[in-house]
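For reference, the structure discussed in these notes is given below.
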């Protein structure tokens, strides 16, 4: 497979469970097909939404290998790696590379807060072990460390396979900085759902998001209108999606997306404990938002 | 073994590695003997200093079982459990209980930030699975969630085996609150090294610390003088230790304690990557502090 | 004068001082003329850039009255009010109203952190004393309190003269929220220079900024291109200005704008102590940024 | 008057108002007498509790001059100075010096966040203008800047009249640092009520507090027992006072102390707007705490 350039809607899967908490590959297949049908430019497995941190080793390997196999080259596949030790991150990186992943997304998940030196060597060591691109992923809310635009750009500069950045801190100025300091030469992705439109405007080449699980083709249409220079329509499409984007971020991403998929009729089980399912009030609120967007989609012709 | 009340110096071990990064049980034995000889009132394995988050499953089980076996009832043994899933935390709790641990210390290590509801059920589920006391461990710097004194006391009240609290947030007022709100009925431990004396003054029944690995009997002597009502001598002893206590907290606990043990002549290997060893400057600074405390110990007769 | 709707570039003046630290009205006149010539849609005196907090009562009154008189209806004038007591804020509001100010901008500057109740009554009391619109100004970095979009919208809803919002927290999501929750009915202004383009895209009706003091007509041209739907040109214009926008925010707004005006040849004196003038290194860096933008302006024809 | 060393209970007055919001000197006299009768080692006017930030120039001067005159050398008097400009701070410092104040307490109250350079020059300039000691006062919650122990000690070292430190950040480790880094040579005061006992244990030479307004001689008795080496009695006395100490900090210091004085029968008016008086629920809670401490005082004989 030739190296593909990643751009556009990078759609994140959840990890569906059966009633006995086993990984449910049938549901995963349906979800993957739906995402590709909705125009996803790539499939990303084992991100935050995929409960990467809550799977055991066998489950993790199963989801990684099955996703790559089932997608079967229809679109690129990215595998998320959030490990506490460099050793395990390297092992999963090699495994993903061997399976044929198009890229890996690596975050410096931490117990002890890591220094920039420690983070740098973590990425450098992983890079030496693989031949596929690494997306540097900054998500201080889950990972406990916060990487500045300057530091991430220096790693892209110095570490061979580190070629992309995913910014999820929620600060639009950082994306402007990535764009400005790299003179547009380093592709960066937005990982903060409610910043989707602002991030595209700031130069993000893609949007890493689990929202297509619930919103279908709407995120892709937003991107298309941005690319077509239809700023007004893009704004309307974004505002249509915004209530859901804010809701899934506020409510615990994995639990909320899983609840939304159940509402849509796909049984994917609950997020792993200690994560709790949505309360029935929250489920009702989610249903209401989803219904309102759905009827909007039917009524309006942007 | 009858249930023992935990108080005093709870000494935390590091997890020594051989040159090939295997767990070095001989070095662990020497360390355990030294800690008991220095007056440790209990041994705690697999805390932050023990690199709990950086061991694989087999290594974790080996350290837990070997520590309990080797201590062999000389003092109580506490096993630290910091797991992302409730399932794995329960499994390790049952394992520790089965091995004969006297207590387990449980922290709500998190990827997604947990709600109080989620944390509560995490502890409640673990409690139902064991028959030994649980020490609720608050350490926002490593675990990503911060539990208030009020919330932790409510768990002690409602969850059967949750009987103790370890506070490591660094805020002395919280210890005063634990003492005041529980009217002194809930034993709490200090986990913040540089607050040791203030915590005892505020009513802490013990000090959870890896400092005895480097300071030998000094922490115990501090406690003894506090208990003897010798406030002035306690203060002098504390100020003697304070430079080292601040140093090991600032510098990455596991890496720093391991560097200090090497200085003392016990080969324990390096902390696991991505954690990095001390720079040679920092090692020199540590050596200087340790030497100065040592000569102090010889010269003065408090 | 009929009530005018405020939109567009709200240009903030500095308060020029003579060599003896007296207010220099001649320099202020030149600055005001330059700003109006550069297309400012309104002039705002006594904001942060105007050192509102560092003037004595007489100086404050002089700047307020002179600005209104000298602008003389060419564009609307807004007077900034950042007072610690409600009494003094009311007094300055009445004074501004009496002078013929078109609006006042009021921030809840605080010594003791204020509750929402206290802030609400502060604004309500001021509103009762005047007949001109109040712009609610959120700037947690200088004022010590942070008002949520929801709270500010509730004040616009309940307090008669509170009709506009200025958001300076630096979080683009808040502007999206102001827009979405008010369904676009409440005009809000961006007060965070480096968010200028993102804020317009999010629905801001104006940009409150001292940047035109140094950038001349560039901010206005940015807005024009946004209004003309020329997204690409707007982006280029914004990126051209961004280095300066980030620089003046990072470096102490009043000191930096004053240094920049000196570079441009207008003598405005230094910011009041304890504020310090720019170091010569910073002054050089500012000069370089300004020169680079200037040559850009000449070369390119967007 | 010879220079007196300040130590012990530094009792802060509120600024009483009559029903028409004028400064009520009769009530101030009664309060001062009560505080001295309760064993205050010094009287401090125009601190946070004294609404320094909410008085106009004449009121400020009146309270400063009257306090010094009325105390009339019975104990030392400290005047608090929290000004936004160096010029005004210098003016008030000279005025206080001229009136015969024994010391001034200076905090770097700020609108724009100040750099260490700016803060340093603020203090240095004030120092050159006076011949009395300056207490450097760190209170990030009200002043918007936070000074580290290291920085404050460097100012004590370099600036002639800067001889004392008041630490109100609420972090006991900072007091330990002040003590350790200065080898006990720089007198520091605790300004955080709920840390009173811990601060004395850490080496604070005094407690700056408005609590004696409501607690009478209890704070002084706490200090006496600490000085007598009666750790157990000191702890009991501290725990007796702690509910009130936490309450007045949580509730808005000036409003709460004024409400408490009303409960005790001294009419002192309300805190200035925008500060609001206690709700009736909070007033009831305060009354209950005060009554419970009062009855305790009668019953127990420590």
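Observations on the model:
Going in written order, the chains are labelled A, B, C and D, and every chain counts its residues from 1.
In this section, a contact is a pair of C-beta atoms (placed from the backbone, for glycine too) under 8 Å apart; a residue touches a chain by one contact, two chains touch by 3 or more.
Note that the structure is a prediction, hence the values are computed from the model and not measured.
Distance from chain B peaks, on a Cα-centroid basis, for C. Averaging Cα coordinates per chain places chain A and chain D 53 Å apart. In whole angstrom, the spacing between the mean C-alpha positions of chain A and chain B is 37.
Taking the mean of the C-alpha atoms as each chain's centre, chain A and chain C sit 38 Å apart.
The multi-chain contact residues of chain C, meaning those touching 2 or more other chains, do not exist; every residue touches at most one other chain. Interface note: chains touch in the pairs A-B, A-C, B-D, C-D. Chain B meets chain D in the complex at residues 170-173, 176, 179-180, 194-195, 197-198, 201-202, 229, 231-232, 235, 239, 242-243.
Partner chain D is touched in their complex by these residues of chain C: 48, 52-54, 56, 82, 84-88, 108-115, 117-119, 121-122, 125, 141-142, 144, 252-254, 272-276.
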